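Below you'll find the structures, each written out as structure tokens.
One chain, subunit A, appears in both complexes that follow, with subunit B as partner in the first and subunit C in the second.
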Partner chain A sequence: MAGCSKQFEFVFDGGLQSSTRALLVNEVIKHLLYERNQIPLQFDFLRQQLALAETDNAQQPSTKPLSSQSQVDRKAKSVISNLDNMFENIIKAFETCPEIQKAVVLLGSTPATPKESYIINLPHLCPEADNISLKSSKQALFQHLVAEQVLSSDLPLGPTNLYVVLCAPRTASHLPGFIPKASFKVPSRGHCLTLNMLCRQPTFACQDLTFEDTEVEISGIEPLSLECSSLDATVAYHVMSPSPEKRARLQSQFHLDKRKRHLSNPDKDFDLTKIHFSTPLIGSTPKISASNQPLGSLDLYNGTNCGQSHSQSVWFQCSTVVKGYRV
Partner chain B sequence: MNGVCDLAQALPGVQKTYHIEVLKKPESITRDALIKDRVGQFLNTQKCVYGDFTITDFKDDILTESIISVSLSDSDHLIFDRKGVDLSEAKLHIHVYTLSEDEAGTEEMDEEQVSMASQWILPSAHFHGLWESLVFDESIKERLLNYATTTLLFSDKKVNSSIISWNRVVLLHGPPGTGKTTLCKALAHKLCVRLSDRFSCGQLVEINSHSLFSKWFSESGKLVTKMFQRLHDYMVDPELLVCVLIDEVESLTAARKSCLNGNEPSDAIRVVNAVLTQIDQLKKFPNCLILTTSNITGAIDLAFVDRADIKQYIGPPSPQAIYKIYLSCLNELMRVGIISPAQQLLELRALEVMRFVDNSATRPSLHLREIAIKSEGLSGRTLRKLPFMAHAMFIQGGSVTVETFLHCLSQAVDQQFADQAHLTT
Partner chain C sequence: MASTVKQCITLKGSAAIVAEFFNYGINSILYQRGIYPPETFTHQQQYGLTLLVTTNDELLKYLKAVIGQVKDWLNELIVQKLVLVIKRVDTNEVVERWQFDIQCDKTANETTKRDKTEKEVKEEIKSIIRQITATVTFLPLLEAVCSFDILIYTDKDAEVPTNWGESGPHFIANSEEVRLRSFTTTIHKVDAMVAFKKTD
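This part shows the complex of A and B:
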């Protein structure tokens, strides 16, 4: 099967809370199972039907269902129970580690050789952004999923296993219901679909002290000359070899200095790039470099692969596997 | 050249290297490099080792948190004459691995609702300990590991396969119950453990030969081709070691000559042709190994037999191997308390050193040796079953002493031979 990949983008009008993220991933899984013929009915409808059948059986115990029907019911019950377990695990995982960057849903006999892979890239967390409600985020998601028929495919797929793998920072040492899979990597074979979830939210604005249009006056500090301040900073970098955190702090000091330059010498053009740092700043302080984006811009997913930033991220596989069935 | 040296060190048996296997806890995210480092330090503090060992108690917090066991296996061919080896001076190769708990997945053809193959991610918890439980007279296990070593070495070195040919096919044949299929599964598992630095993970694909025959005339050959096409897709990933197991291979590679003479439809011939051509195509993948087994070697097509690089006969175990099998069974029964009190049973080598002298310490072991000699001719599968049969037929109670159990085991062996005699007459 030749590898074939497609990408879709979903833009939400605000930030997504971690609980909303988990529920959106669950909704995608539910829809996917139905679209890819792993369950005969939509998940919620299937659960409803099963509950109805059970009530009927309880009311009329004398009517024995056909053996084939009871077998189908048994399979449905098992799928629903496994899915409930899986959804619960996903919710708990997002509660434990809201920084989960990526969820991968795999359809195939094993996670190493899936026939189809669905990669859900989640937006960056921004606690201070205006979060949208679960209802509107679900509406926005399904509008795209259904209207554009994102998950439907002409490729035939028999009943197979569904695996869920999450990419979380290494700091999340334990995700309940998930097992670390150091050897896992996003499969390159088979049908692959990437769903990029994007949010209209201020990117890192909440942590960024440097991006402020209004000018800042700090009392008690005498404005220094540019040459002096740059020299001081350079000397500080050369002599003290500061840690990345210190470097970031120093850089924000420069930004503050810059404002002050404007305050004291508005005509003098200050160019931060002319200052020579012995250690590259951009690489070590990505947040500050990202702050150059205008406020309110789209938080476009940067496409960082969990495998590429392997040292920082770990894949966690859900211990529950769902096996699809056909009536 | 460095690459070859590295590979030679990573692969088993090329140099006299002690392969230390470290089983990591499934929930651990400690980096393998750190674990290797700590295990290396820990082993440096250990004294001489005289054979296989498994350590589960560590005086290191990181190791206690991150790993389950540290073990050395197959040391028989490395530690000669029980002289012992100082691990601080020995050349160690540490392999860190985690067991996959996943159940077997099934590969189904889209239009046919039949499972064509079962698949396991390796190293798998289902095959853990199989390798160590297999006892053979010759160094078959080492031979097979060395074969896989050379296969990968030649592939990595990009040896021209038109000049030097190898097909990546192993054929194990012999009477039923001798452990051919188990050996294939255990070999795949062991290779993934030992080559964890080389391949990020492995997969065992067990082909269900019977399901490749279609009810439609002339479709079987196409099913075989489709099945192998799936395997091609797996092998595209160079970091995935794919071991293909074809059990009872004669059903897919029945001798075409006999098919022509008998009532077999020509569809069966198409299947054999498809298998042979597909095996030839798998040769190009460096991460592939085809393991096959058969009870009826005479029924296999000669062209397939010719393609097999190793045609290993697996016969019934000798009394020495039987003694080892019984010994492991009795130790297990002592561990769970069915045989109580637990008593030290000596290895055959120790008995030899003591010149089989009869005293209170050696008596149970000597009795076990007598039973092992009496059991010659029984298959490995039967031998592993006999302690259970002995308990079921002659004990049926709670715990028993070693002496009583050995007596019952002896009776079970007699019973087994009597049953076999009745079947043949």
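This part shows the complex of A and C:
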């Protein structure tokens, strides 16, 4: 992607529910705000400190706080309130449209001119996978993010605005708390980091039974070297088709040819005379097509927009903007 | 004509910088891990960060004594590790272990002057303190009441004050470790690491 300077991949040991994905996006935003100097303390500690300051003020109303401290507290209060609002909107957006595959966090004066962009590619939903809890997924993700300092940067960044834009399928006509942004494009300017989240999840084999053009042995058939006779053809036919009733279907499904040995691509002219009964020597196991992956394979991010084309997805920008501050 | 003053680091200055890092680092850990109530901490601006330091008199006294001794040993280049262990009060089980490995340049002496500015070192310290603060995002919640202990590993020939006693390493059974950043004054190099009890 143009302008992106860094990519980071993280693989979860199972599937993620939509609600977990929403909360992970929120946690990444919290962490990012601290790492990029937009808030002086980690979000939860900032909230805790503000609550303590408010309790102190309530207990000692006569003690007026210093004006600068009061201003800092006001800014902290505003940031916390806006973030709470933003997080709530993100959760609701994922509830409305669980198929959201991408979240973009922008730091800069406007969404079109960010100084820094963080693209979070979320794993695909997989109902068949064993879902992992928020606690486990958060611990695993942040252990890597912190240890490898993925979100930290030596680039100086003063207090600025934080915007969140979500990429949803076009079928999602409305996301609560978000405004559709048909013209939005992931900015190519500024520092950019892409966080690809993947899931280790089962994918099931498709029905493509194409064999490689190598010899295979079919168990239970004696090796014969004869060309087709009517009796042999019947025998062979019974092996390949357990019931005569399915003969018509088989005729459109199988074509056994000495040269091809394909068990797909039905041949219109199923001709028994073409069947060669010399059982081939043992060969390789069937080659599974690229779409088939064994159980436990990775849901690999394919680099496309939400795994969908641009025409299939639409951007929504969170109506809440968070303004960072410095003490 | 303008004159420029070139900054450099001496052994004494290096020991002071490292000791100061330990003071803020330990305070940050104690705050964020909830070992002491949050209302007993106050903000301080240091390294371009907002840090929380204790206002608890007993704790201040304890930390002053420990870090003062560490500073002396840093000056003597005989300290190898500082370890902060967090233990459950009810079972005494160690649940978290913050280890700071210290490599001393034994060739340094009182006349040594190293070509590195305090600002450069403090930038490195800023990154490591920020990383320590960020560890709360993945460290397991300390559900039981916990206390802490500080262990210092020194060279064998170190003179041990009377109020210090020998101790075991306080390792954690079935732990997970995360290596954090390091910083160096070129006389002392500090590598940080946190180990914590694996959870299901």
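Definition applied: the second predicted complex is superposed on the first by the 231 of 327 C-alpha atoms of A that agree within 3 Å, B and C clash if a C-alpha of one lies under 4 Å from a C-alpha of the other, contacts with A are read in each partner's own complex, and residues count from 1 in each chain.
In this section, contacts are C-beta pairs under 8 Å (C-beta built on N, C-alpha and C of every residue); 3 or more make two chains touch, one makes a residue touch a chain.
What you see is a predicted model, and the numbers here were worked out from it, not measured in a lab.
Residue contacts after overlaying the shared chain place A:Tyr34 against subunit C, while subunit B stays out of touching range.
Greater residue coverage of subunit A by touch, when subunit B is weighed against subunit C, goes to B. Applying the stated contact rule after C-alpha superposition, one finds that A:Ile179 touches subunit B and leaves subunit C untouched.
Of the two partner chains, subunit B is the only one that A:Gly158 touches; subunit C does not reach it. Across the complex, subunit B is touched by residues 1, 108-113, 156-161, 170, 173-174, 179-180, 182-185, 187-190, 314, 319, 321, 326 of subunit A. Subunit C makes touch with subunit A in their complex at residues 31-32, 38-39, 43, 45, 49-50, 52, 127, 130-131, 133-138, 140, 178-181, 199. If you check the complex, the residues on subunit B that touch subunit A are 26-29, 32, 98, 101-103, 105-111, 113, 117, 119-121, 200-201, 203, 230, 233-234, 236-237, 239-240. Residues of subunit A that touch subunit C in their complex: 27, 31, 34-35, 40-42, 44-45, 48-49, 52, 138-143, 145-147, 149, 152, 327.
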